[in-house]
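Next, two complexes with chain A in common: one pairs it with chain B, the other with chain C.
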Partner chain A sequence: MSEELQARQRWMAVLAKASSDAIRARLNAAPALPAHTRLRGPETGLVMLRGRAGGDGNAFNLSEMTVTRCAVTLESGTVGHAYVAGRDRDQAELAAVLDAALQDEATRAPLLEAVIEPLAAAQAEARATEARKAAATRVQFFTMANMR
Partner chain B sequence: MAYVAVKGGERAIGNAHAWLAETRRGDAAVPELEVAQIGQQLGLAVDRVMAEGSCYDRDLAALAIKQSKGDLIEAAFLLRAYRTTLPRFGYAEPLDTAAMLIRRRVSATYKDLPGGQVLGPTFDYTHRLLDFALAAAGEAPLPAPEAEAEDAVAPRVTELLSREGLMRREEDASEEPADLTRQPLSFPAARATRLQNLARGDEGFLLGLGYSTQRGYGNAHPFVGEIRQGSVSVFLMPPELGFEIEIGEIDVTECQMVNQFKGSRTEPPQFTRGYGLVLGHGERKAMSMALVDRALMADELGEDRTAPAQDEEFVLLHSDNVEATGFVEHLKLPHYVDFQSELEVVRLMRATVAANAEPEQVEP
Partner chain C sequence: MRPGFTDPVQDGQSCFRAVLEALSRPGRIQTVASGLTPPAALAPATAAVLLTLVDAETPLHHDAGEEADAWLRFHCGCPMAAAGDAAFVLSMGQPPAFASLCHGTDEEPERGATLIIQVKALEEGRGWRLRGPGIEHEHRLHVEGLPEGFLADRASRRGLFPRGVDVVLCAEDRLAALPRTTLAEEG
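Take a look at the complex of A and B:
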């Protein structure tokens, strides 16, 4: 997998997990987004979630979830896509515009710095906090022998 | 089933719904419940509605709970109805529960295992005494304690047994599983179909069936190999992109129930597993699902099918509470013509019995 593609998957993942409010808060400190035209959406639909029997066996359909998608194009012709869990249309459109702008060499670096990195850091910190709370409930077994 | 078209009742229905709205709100002097409060403070009810409504969306499930006055089956029904209004974008990649951000993970089969026993925010070990402090709104509790998190991997308990050859491995034939939202249930049902049915099945029904397997209806000797609860990433491959993207995270509960298996002509004695996977924090449901999943494997494992929990037609056709409530509750709709014909039949039968009895009485 190319580095280019990995970088794009990363920013798409970060945007999918950020609320529109969180993205807008970051955009305040970023260069203005380029003008865009909607190609599709934003529209809400369903994705069927899947699990695996026993966790690692044959796939089965688990349940649906709501997902909102959007596709936009910039004046440069670059197309941006977004598929985000939930029904936040504003988030999907912002994510699609950012996906397009981040593919453009000229706007990538400042947007990564002002939007993606701070969102990614906040998400990582939230995960780390959960992990630390879980760690605090990990049982430390001791045996009677150790109590002497 | 014959229904008769009747006119009238519109005003009564309108007034009944107006009264319903008033009773839903309750005493106007008490502050109105916000949907966000339901989402945050009645999270397990939201989880149950998402699981049984078979649609992951916390806000919609919370709204459904408010609208249904807390009737969770009615709320699941509302969610099921809503989902029919949305287009289907596609199928996600199977969730990788081994890569879960773990909030809870316990095993009843091994004390010391890689990744450890993590209790998480559980009701276990609480004393089940009413906490009157909660009756008075007070300060928010302090943040839960934190501890240094090891970057430890928590391998599946079933994998530990499989490596020793003591656990039957799951097959991955990479087959496209049937989808109950597209194809109706048919028998015999594939495991994938059974799991989809159980995952959205009624918690109470599955709990009762699971309990019955423990009490001797199905001869199960289960152990909780592992329960894990936490967040997993959802990946989707949109065709227009041609590569996988993460579209968000969801909370799930997974249960691996370990069961003994006597072995057969082709397989040595070993353990088998029942599997439960449920949206949100549905530990009781995930455990029940795992018990029933294992019981339904009777045929595949050459075991005698003697108990209700092993009968897939009985289990799968009655597990869905939206279907069940529809059929049970339709009985209260007008059946005037049906009942008129029943009345005629019963009157005729009584007359016939009476007529046949009369001559006997006059005989000496």
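Take a look at the complex of A and C:
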């Protein structure tokens, strides 16, 4: 997988997990986003999740989940796409515009620094807090084998 | 990349209504006010009809060039197919021979292809003489930009009925249709 693709996957993963309020709060400190035109959406729909028992069994339909998607284009012609879980249309549109702006070399570095990195840090922090809280309630079960 | 319909539900429904009217009253010109800015190769009416009718379940064949190809793949999400396998065939004025298109089967004549042709101009009151269901006596339609022998080729498939191919003609923001039941003669 190319380096560029991995970087794009990373910023989309961060944006997909950030609420529109959190993205907006970060954008206040960032350079203004370029003007954009909506190509499609934002629109909400259902996506069928498919699973595979044991990783190699027959595919089965697990359930449907609500997904909002959006595609935008900048004046430079760059196209940004976003698919986010839930029905937050604002988040999908912001994520699509950011995806387009982040593909552009000129605007990538400041946006990564002002938006993506702080969001990623906040998400990692929230995950760590959650893990700590869960760890505090962990119950150790001892079996005959290790009591001996 | 150019955007598609601003309001996919409303615009799609009003364009569907126009196509329905055109097919129920063969040869009568309908206007599609879609507000679209499609790729250069496509007229607004052609683009609106494609956005309305073509989707992931209907293979498309077209000769409209690369920009239109990317636009159609993105907005319609349709698979591209050879002319003989396509449910919709888009032609920029030089349509493939009718014999090469899908005509459906006697059990499922609705599987016959729909041929969408972008022409230079449509005008009522002169030109072809149309008769058949949906026309009281006779209706006249002048079509500019079709090759010689188009009507003869179409008429040669008449014996296959109920199998057949329906034709939608688009020019700028106007469209007219020739369903397979319509008899058309040069005027």
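Observations
One rule holds for everything that comes next: the second predicted complex is superposed on the first by the 131 of 148 C-alpha atoms of A that agree within 3 Å, B and C clash if a C-alpha of one lies under 4 Å from a C-alpha of the other, contacts with A are read in each partner's own complex, and residues count from 1 in each chain.
Please note the rule applied: contacts are C-beta pairs under 8 Å (C-beta built on N, C-alpha and C of every residue); 3 or more make two chains touch, one makes a residue touch a chain.
Since this is a predicted model, take the numbers as computed values, not measurements.
After superposition onto chain A, the partners chain B and chain C occupy separate space and fit alongside each other. Using the contact criterion defined above for the overlaid structures, shared-chain residue A:77 touches chain C, although it does not reach chain B. Of the two partner chains placed by the overlay, only chain B lies in contact with A:86; chain C stays clear of it. For chain A, the partner with contacts to more residues, out of chain B and chain C, is B. In the superposition on chain A, A:59 makes contact with chain B only, not with chain C.
In the superposed model, A:48 lies in contact with chain B only, and not with chain C.
With chain A as the common frame, chain A serves as the apex of an angle whose CA-centre rays point to chain B and chain C; its value is 80 degrees, to a multiple of 10.
When the two complexes are overlaid on their common chain A, residue A:38 makes contact with chain C while staying clear of chain B. Closest C-alpha contact of chain B with chain C, superposed model: 7 Å. Chain A uses residues 43, 71 to touch chain B in one structure and chain C in the other. Listing the residues of chain C that touch chain A in their complex gives 1-4, 8, 74-75.
Against chain A, the residues of chain B that register as touching in their complex are 50-51, 54-57, 59-60, 83, 86-95, 97-98, 101-104, 111-112, 116-121, 144-150, 156, 158-159, 169-175, 177-181, 191-193, 195-196, 199-200, 230-231, 233-234, 236, 238, 240-241, 243-250, 252, 254, 256, 273, 275, 277, 279. In the complex of the two chains, the chain A residues touching chain C come out as 37-40, 43, 71, 73, 77, 79. Within the complex, the chain A residues that touch chain B are 5, 9, 12-13, 16-17, 43-67, 69, 71, 81, 83-87, 127-139, 141.
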